[in-house]
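Naming follows writing order (A, B and C), and every chain is counted from residue 1.
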Amino acid sequence: MRSDVLRETPIVIQYTAKAGKWILLIGYLGVAILPLLWLGMSSFKTEFEIISAPLSLPQSLHYENFVNAIRISGLHRFFLNSFIVATCATTFNLFICSLAAFAVARERWRLRSTFLTFSTAMVLVPIISFMVPYYALILRLGLFNSIWALVLTYTAINIPISLFLITNFMKALPSELDDSAVIDGCNFWQRFSKIVLPLTKPGLATAGTFAVIGSWNEFVYAMLLTSSERARTVQFAVRFFSSEFRDDYGGMFAAIVLTMIPTIFIYILMHDKIVSGVTAGAVKG
Amino acid sequence: MNRKLFIVSFVLIAALLASVSVFGGGSRETAPGEVVITWPTHWVGEMGAGPIIRELVDEFNALHAGEIRVVLEAHPEADAAEDVIRTRLAAGQPPDFFLFKLGPTTEVYYETGLLMDLTDELERDGWGATFDPGALAVSTINGEVRSLPIETALTPIWYNTRLFEEAGIDEFPTTIDEFWEAADRLLEIGVVPTSQMTGGANAWTSMLWYTHLVGSIGGPDVWDRAWDDPAFEEAAGIMKRMYQEYTTRDAIGAGPGESSAHFMNERTAMFVNGPWFVSNIRDNAPDVHAVTRLAPAPSAGDYHGHQVGWLLTSAAAAHTDDPARRDAVVQWFRFLTHPDNIKRQSLGRGSLMPVAFEIGPEDNVDPLQQQFIEAGNNATFLIDGIEAVMPVHVVQEFGQALSAMVLRDLPPSEFVALMRAAAE
Amino acid sequence: MKKNKTLVQKNTWWIILFTAPVFVLLLMFFVYPLISLTITSFMETAGFGSATFVGFGNFSRLFNNSVFRMSIRNNLIWAGSAAFLQVPLALLIALVLARQPAGWRFFRSAYFLPNVISLVALAMLWRAVYNPYYGILNGLLNLLGLDHLSRNWLGELETVLPALIISYQIYVGYFVIILYAGTLSISKSLYEAAEIDGANVFQQEIYISIPALRGFILSSVTLAVAFAFRQFETTFLMTAGGPANQSSVMALFMHRRMSAFQNGMASAVGILLVIIGIVVMKGLQVIFGMRSAAIEDAQQ
């Protein structure tokens, strides 16, 4: 539909635009995909091949890296923990952030912009400096060495980004929506759950994607706040291949590949579904 | 997304969690009267110390079944393990048992009052006498021993005899002039003389080269005169020349991976590292392993034949007022540092230990490992690595100051000035 | 707008209920640690137990430290690259994707993949790409007969920071997602009307898409700048701040102070990082001419 316009614009612009468009799309596709291919390729190489000639093809395919990845680190045992931590933390995070974002974006109250500004500024905080406070807090809450320690921590540390994103998405919706909802007799909760939240799906998907990835890949607090395998996540297993003086990159990369697959899968499946669902119908003229 | 969806998702999550608490409740119950010693450590996994430590822990637990149980808490990444121990100490919750690198920075662990005092225990049954007196002296602060030496570092110069022969060099150079001559010959046959690196946490390889040189100019006590002795400037000048002419193009910014890979691929002929690297080169580059010999550094001053070696790892335990617990922890300490078990650790993971033990021909020691033992025995004196004598923030600055000297073409005195500034 | 005002009284309890969970968690995980960080930043800490009040001593020591000043400079360069390189690039890609060229679904999914890869692996890849022996970059230059341009990219004072920043652009996909999701909220009828008026693609993007996306562009800039300020892992894993501290950033500097047990100094760096970050974030919002009030008015 939009491409019709191209026919009416001068030929030079048409071709420049087309060429530029494809250079950009394919160029960045290379940047995005090649590292993944490299990682996949490297996971079939030996430790020595990886450090000696990181960019060349494997001399033979070392499938045993993957066997080792599972045997040495017990990787498979941590997927469930990682899955629960990432899912719960993301769900809780999105739930409480969308509540707060609704109050901030769709209502007018005195301290709302202070609230939002403060929360957003927290994106800047280098949380790596909070090791002692977080450890003490989790101990005091009696959550040490349970997956709930990680669920709570990840729910909390993802708040600044999620709240910021969801608020911005909610602000972008026309204000007439609320007015007509009020006229239709919706109460506060209904306005949130029936009117605003469904239209914020792209925002939720965006914030949710970041929260899932963040929770899945977090390592420092995953180690600090847990002490036994019952609460450990896949990131723990990946580190089994780096010792003090030696890194088995073959095993490490194989483990990384295995831990990445679920995130890629979730991303492609979930994000694509949610976003395309919105594209199909929700945005009205 | 309505209320129903939320309720459904919450029910689902709750169900998931319930299933987890069933799966996850695998931690064993503590028997009444049993003392559990939790040991958060990076000595886990299949490389390095992991296997032998697991074996020793299992043995000890079997020996004391129902009374004492040591539980390994895996923290596979060394840096992360350090973070965990530091954080727990800062929060006043020291781990029951743990390893750390004793140095000017971590000395404060002694002052926290959280570590068990082992001074009196060492007097009993000659336990203290089994340790290397030097290492034990380092572990004694204000007359108290609150950590025990458990692993020593020794880092001679490694050289590739095949490449040396090819270049027509018969013996490893003993003076710095011979060294430059040998380096030129290596360049002539297209081999880069030395592996160097300014990257990683502490510019490891170059830091060790530098320490060797400083020792050869300033002698055994040179660190006591740190940054004032002319040795520090002179050695910096030698390092600068090595970087300008006799090392790889990627040396500035290189990490341990690059610098060791160059040696293992015979791109470089000389390298410095400790005994822990023996298994790495044996597995990855057996041909190079076969032709590698160890030597003391060439002398740039009055001293020759010394090695860089220091107390690398110490073990400590949480202070406790419970005599049963204290006794259990001491038993574990004694078990871990018993000469027989020290020997097993040393042979099992290729490390040098601060406790003497006998090695016989039946032990089948790796030849390169054997050279390490000889290098330690033959050393005229040992000089500490920087990390043993300088606080962490100074160690971290070494690679930065070195690369500044080379890239900005600063005189060696400026390098010393940068290190001095970092030490303030 | 008037109507909203009257809702205030009616909904006070709802608002409290809706914001309470976030508020409590922010208190526990941000406010309380920040307060203790602030207190520590005025202390000289030798080890763990002892701490003496030194006023602004840590701060003045920091500003006298040339490595710290270099770190601030580098953070500002990082922030500039985030606002003027990363976000515009992301915007361009998002606008192209929004027009649904062939294979757009595939592109959209693929562009996010770098965010999933572990930083450790990515850092190794980039170190290999920039390596003077086997790196792709020098290999390409040699192929093109530009041997004289080949260098030790991560080991030279002039090239290390650009090399790091360029490698970081792999994360553009993060902002492509935000901006692309923003394009979904633009009504198609606007473009149809513009087409009838004879506007070409560029005119449509400049006069319709970009103004409509202002809020999303602002969000992206804000986040990108914040990430640039707390930027740590990429630098830590690729150069550890070297050579000669040329690529040091504040978070790395702070991390080093922490591992040296200099908690007073580390806390002061943390506080300064947040303060400077807020100032720069606000400054960029003004530069982009879109203070949040202005957007709200435009959108309501």
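Keep in mind that, in the parts below, a contact is a pair of C-beta atoms (placed from the backbone, for glycine too) under 8 Å apart; a residue touches a chain by one contact, two chains touch by 3 or more.
From a predicted model like this one, the values you see are computed outputs, not experimental measurements.
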| Compared with subunit A, which chain's mean CA position is the farthest off? | B
| Higher-contact pair (C-beta pairs counted), A-B versus B-C | A-B
| task | For subunit A and subunit C, let me know how many angstrom lie between their CA-based centres, rounded off. | result | 15
| note | subunit B to subunit C, mean C-alpha position gap in Å, rounds to 36
| remark: Among subunit B residues, those touching two or more other chains are 90, 257-258
| remark: Expected list for subunit C, residues touching two or more other chains, is 124, 127, 131
| field | Touching two or more other chains - residues of subunit A | value | 189
| task | Over in the complex, which subunit B residues touch subunit A? Could you list them? | result | 1-3, 6, 9, 13, 16-17, 20, 23-27, 38, 40, 42, 44-50, 73-78, 80, 83-84, 87-88, 90-91, 93, 256-258, 260-261, 264-265, 273-274, 276-277, 279-280, 283-285
| subunit A touches which residues of subunit C in the complex? | 1, 3-5, 7-8, 11-12, 14-15, 17-19, 21-23, 25-26, 28-30, 32-34, 36-37, 92-93, 96-97, 99, 101, 105, 107-122, 124-125, 127-129, 131, 134-136, 169-170, 172-174, 177-178, 180-182, 184-189, 191-192, 195, 198-202, 204, 215-216, 218-219, 222-223, 226-227, 229-230, 232, 251, 254-255, 258, 266-267, 270, 273-274, 277-278, 281, 292, 295-296, 299-300
| note | Contacts from subunit B onto subunit C in the complex sit at residues 82, 86, 89-90, 105-106, 108, 111-112, 198-201, 248-255, 257-258, 267, 391-393, 396, 399-401, 403-404, 407-408
| For the subunit A and subunit C complex, residues of the former touching the latter | 1-6, 8-9, 13, 17, 21-22, 24-25, 28-29, 31-33, 35-36, 38-39, 42, 50, 53-56, 96-97, 99-100, 102-104, 107-109, 113, 115, 118-126, 128-130, 133-134, 137, 153, 155-157, 159-161, 163-165, 168-169, 171-175, 178-179, 182, 188-189, 192, 202-203, 205-206, 209-210, 213, 217, 238, 249, 252-253, 256, 259-260, 263-264, 267-268, 271-272, 275-276, 278-279, 283-285
| task | Note which residues of subunit A are touching subunit B in the complex, please. | result | 46-48, 51-52, 68, 72-73, 80-81, 84, 87-88, 91, 95, 131-132, 135-136, 139, 147, 189, 193-194, 197-198, 201, 204, 219-220, 223-224, 227-231, 236, 239-248
